[in-house]
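Chain IDs A, B, C and D follow the sequence of writing; residue 1 opens each chain.
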Amino acid sequence: MRLRPISHHDIDELKSLAQETGVGFTSLPNDHDFLVAKIDKAVAAFEGHVPACERLYFFVLEDEQSGELAGCCAIEAEVGRETPFYHYRVGKLAHSSVQLDLHRTIDTLFLSSDHTGDAEVASLFLRPAYRRDRNGTLLSKARWLFMAEFRDGFPDKVLAEMRGVIDADGISPFWQCLGSHFFPMEFKQADQLTGLGQKSFIGELMPKYPIYTPFLPEAARACIGQVHEQTRPALEMLKKEGLRWEGYIDIFDGGPTVEAYIDDVGAIRHSQRVQVEVSGDALAQAERPSWLAATTGMADFRCSFIGRGPDADGVVHLSEAEARRLNVTSGDTLRLLQT
Amino acid sequence: MRLRPISHHDIDELKSLAQETGVGFTSLPNDHDFLVAKIDKAVAAFEGHVPACERLYFFVLEDEQSGELAGCCAIEAEVGRETPFYHYRVGKLAHSSVQLDLHRTIDTLFLSSDHTGDAEVASLFLRPAYRRDRNGTLLSKARWLFMAEFRDGFPDKVLAEMRGVIDADGISPFWQCLGSHFFPMEFKQADQLTGLGQKSFIGELMPKYPIYTPFLPEAARACIGQVHEQTRPALEMLKKEGLRWEGYIDIFDGGPTVEAYIDDVGAIRHSQRVQVEVSGDALAQAERPSWLAATTGMADFRCSFIGRGPDADGVVHLSEAEARRLNVTSGDTLRLLQT
Amino acid sequence: MRGIDPSSRVAESAREAGQLLVRPAQAADIGAIERLASSATPRLTNLPAHRDRLEERIARSCRALSHNVDFPGDEVYTFVLEDREIGEIVGTASIRAQAGAQDVYYTYRQETLIHASQQLNLRHEVQTLSLSHEMSEVSLLCALSLDARYRGTSAASLLRRARLMFIAQYPERFADTLGVAFPGYLDESGASPFWDSVGRHFFNRGYHEINQLAGVRSKSFIAEVMPQFPLYLPLLTPQARSAIGREHPAHEPALGEMLAEGFVRSRHVDIFDAGPVLRGERARLRTLNHCGWHPVRIRPAASLPDAEPAMVANQRLADFRCTVARYALTPTGQLLLSEAQAELLGVEEGRAVLVAPLALPDVEDALDEGDL
Amino acid sequence: MRGIDPSSRVAESAREAGQLLVRPAQAADIGAIERLASSATPRLTNLPAHRDRLEERIARSCRALSHNVDFPGDEVYTFVLEDREIGEIVGTASIRAQAGAQDVYYTYRQETLIHASQQLNLRHEVQTLSLSHEMSEVSLLCALSLDARYRGTSAASLLRRARLMFIAQYPERFADTLGVAFPGYLDESGASPFWDSVGRHFFNRGYHEINQLAGVRSKSFIAEVMPQFPLYLPLLTPQARSAIGREHPAHEPALGEMLAEGFVRSRHVDIFDAGPVLRGERARLRTLNHCGWHPVRIRPAASLPDAEPAMVANQRLADFRCTVARYALTPTGQLLLSEAQAELLGVEEGRAVLVAPLALPDVEDALDEGDL
């Protein structure tokens, strides 16, 4: 298994991926033209032709044996530059009066676009059949290696939006109690429009004044900053890297947006560059691979697990198969991360 | 030189300290009753009698030879619980229109009390005569050792408010352009009231709606998040510990508030607990002391520089004088930090 | 007098209204006013059953009446309704010359925001409530409490509207626009659904408790700690929403009468219970439009002709009196009064009195002129 | 005709006003209207010199006049002023039946916030401007442009106020409240100090550019991207503050006339240049109050008696005509017109026409009745 930039001939495979993603995964709608445009955009980004604010790095996880795509993930270099990027921010307002001997703070939701210009890791999807052999970790962490390698192309901060709580009927209580009063449409429709990047309706219809959270029903308040059951593992993985919830939530479902300074992300701080030596000999091979290796080129970026870490001299020995998978030869440089 | 909790008999020395601090240092007004109350409060905090939200840990730096106080500093365990705590937060609002092919974000100042409940390091003052021999470092970093030792008594985050820009005439351009329109008083008076903890007038008179920063004159905009020339070294020291400006500014002078998760603060992460062994022998003594040592008791907390770090076995050897200064004997525990 | 039940006697007397009198409150009325404040339904913020406050209130009224006043300021005029037949004070009511003269008079203003989406080509309206001080300039009719036995009688109308007869005579003391704040809707248990959905989040106290606090301290203190940003109506409970602009059931008839008088519903409601605030231009109020001066002619009570009932007021300031009599005029325009009525008003034959019909046109005609 | 200078001849003719006529615009007027749009001082957002837009505008007006309309909707009526003597269209003006029918009509509303400090025992007032759509319901008099040669003559009054003569006849087509938006203050260089201090921060375009864009696209599109929170006046430049509610110098006399007519300054100003928006209750406007119907009596021009000038309108819809004549009545209340005047109006003897005095009371009396 290896991760690589998407390319034009992936369109059919991408479409079948899109079919599998389903509701709640709005960034990959099952729409041919949209997907073609997405690939075009990504290819241009990897070729370095476009300004930072338009760079969408879209990766696919490839089963190099079958040629099938197992999953995908993406990094947007700077969000909110082309289309507005909205969140609610949970803030506090002081209400105090000496005369009434009263002093309390009220939680408030402020509409904000504070994250404009930050990087975003997004669109992670792994086909059910491939949910094994640490493929999820590969998809998720490969992005940190990419960002570490091309650090200059990214801003100070990175964020990730997490799916919010949906009840047994597939309905978001947060949306029911808040958004539905302002958006004369179904949650799904709002979510889809957002997925297609058509977000100006949000700024147009959204309440402009802050929302005092005590006014929201308990069901909605309970969703603020809470993730969907199935998203919990992904959130845990990001938290381990140092991403934290700083009070920003999705305006539709109330799910948390976690964030970090890129330089603080664990995987980025701990990754290291090493020299490659391809060894024909039989090499020690861990049963459960723990070393992730990424190449240093952008357009031909590759990332996969390898069987071992660097030796005492800071050289990593690769088997022929591993070298082929990563498309490297002796003397090349790899960026490694122990996971 | 050693740092210790303030005590009742420090009142006269504290008054002479207060006389020296001058404008811009509002937390130590030259007011007998206020200072007595401050000491009472601090003593109660160190004795552990009061709830976290009222704990003000006020330290003094003592010249144990002359008995004179060289300076002071403080930690407030949870700000904004007794009196409101206000900031402006620099946020972004998206203004976009597909039809007009317009998309931009506007910087905006939101009145907020987001930091309610965070810890604050504050009130650092060092007498000019003692601005040598790393006394400033001692005053500043001792607080991190205290927080590391009594971590449970503090919340997740810590902040520090930095003095903002004042022009050659002693006037804050930020105040002139913003606050003066809403507070019918002089900057000094507003600042003093705040220093005395009488802050409800802020919430009463402050503009409630966000301020669009483009409306502010250039002179005011240039002050947003900028520190006073003389505060720059203090800011640098805090930045090195990992405190960052996250967009919160003082409502009067626009100076930055820097903040960090307490567990991320460098001095807290890197401090270590070691065993003491008092050695009568002549010990190696660094010319420029780099090891800071703090005791593990609260009411009898002491912190000073010592001449060396721990040995290979994790034991630190102290001279008799050092042990006396810290009031420890062999077998006691110290928390060390290399600075 | 057909019955022997004292309450029916009172009601009868009220219906006849021969001995009812509205006059400025005096220090000696304190006991009665305190009793009326305690029995008000519901309790009124601006009439706290708090002796010191009420004494202050009477003193303030006396002060205002003993001074020359050229324009409305912080005067509060307090009146009482006296039933001379039983010799009791049975009602009280006030006028605040300028609602926000002492403290800002805060209300919630109902507004409609338009959220228009070009992208989706739709326009969505959202209702909000914004804290407002716009009503601070009006003269406010307030703090009315009437003995339960007199409810629904002409005594209620007299107490309510005698204030307009006073305003008609001293226009310089009042604003061009008058306001009337009505107690808001409370449910069967006496709770305010609006307060429970709004104010309680910020104060964590019950409606009655905060109301009492506001009466003794100041309502504006509280307003200043209320949410400063507009509240979105869809986020309030349905119970709270339906209470907005809804009067307390006990005050429905009074509200109807004020609409008939020419007041209209404003966009403003009370910040605690969302009770309606009516507003009326003085120039458009029925009583002020239809009142006229007539010289008095005294005739034996028995010989007075039947005629529609009218409010009759003398031309005094501190000794202002207003009662109900028949609107019977001589061919030359003199008002016929009995000896007793003239004495009640403190007027002699030939003295001019101000007269306005007690009856009002049907409410229905007036209902739909509000700002909403 | 004493002079030979053509412009003075025109002015003279205008003063006589014998051949001036206001009537609905027709398709053939497009050239003249486009010319007037290009020469408007200053250029008007709601009268863009853009042929397609103007053609649409005329078509819309014709459509409205050819249909039954029971209540105000998205109709825009466009009129022209024709000088029959020289055979030219020399002015145009419009009425939007409902200012916000098509797009929301946004204005800035001037408000005063009270910041009261209990701690310091003081009350501080702060002025703000809030984006508002409250004026959306009014009928708006707008888009007036007059040939420079006629400025200051009775032709200007006729063009401005003939619209009121139209409204008087078709009340069901208009709202009870009328609004008039005046172009705002521009400095000597033609720049808008208000726009430069406010809008420019958000659009980074000059006033004229945005004005043009708004004329062709829609002003409400732009409003929706303007700051949504109230603007604090003390933070605007002094130049911008002093432009709030101030009319363009060229429109001072027109503003004065509308105040004399009974309009009052509202709290609302234009969102681009802060020009004043006046409002007037139809029932309180002089022309609508003082107009009356009179049958026509035709007499030779030479035998018409002298009398005060009046606006005279026929009783048609699509063929509406309004001109200036003498307000000379027969003892039985018939209006005396010359043959030429009757023909101008398209009326025969005996037909009723609507007449209102052209003169208005002194402006001074009306100046201080605004909301402010």
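Definition applied: contacts are C-beta pairs under 8 Å (C-beta built on N, C-alpha and C of every residue); 3 or more make two chains touch, one makes a residue touch a chain.
Keep in mind that what you see is a predicted model, and the values were worked out from it rather than measured.
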Chain whose Cα centroid lies at the greatest distance from that of subunit A: C
B-C or B-D, whichever has more C-beta pairs in contact: B-D
Subunit A and subunit D, separation of their C-alpha mean positions in angstrom: 57
Computed distance of Cα centres, subunit D from subunit B, in Å: 63
Whole-Å gap separating subunit C and subunit D, where each centre is the average of the chain's CA atoms: 42
Contacts with 2+ other chains: residues of subunit C: 116, 118-119, 221, 224, 228-229
Sequence positions of subunit A contacting 2 or more other chains: 93, 95-99, 200, 204, 208
Touch list for subunit B against partner subunit C, complex: 97-99, 204, 208
Touching residues on subunit C, where the partner in the complex is subunit A: 113, 115-120, 122, 124, 126, 128, 197-198, 201-203, 213, 217-218, 221-222, 224-225, 227-232, 234-236
Subunit C partner contacts - residues on subunit A that touch it in the complex: 93, 95-97, 99-100, 102, 104, 106, 177-178, 181-185, 198, 200-201, 204-212, 214-216
Residues of subunit A touching subunit B in the complex: 80-86, 89, 91-98, 103, 105, 110-114, 116, 200, 203, 244, 247, 261, 264
Subunit D - residues contacting subunit C, complex: 103-104, 114, 116, 118, 123, 133, 136, 220-221, 224
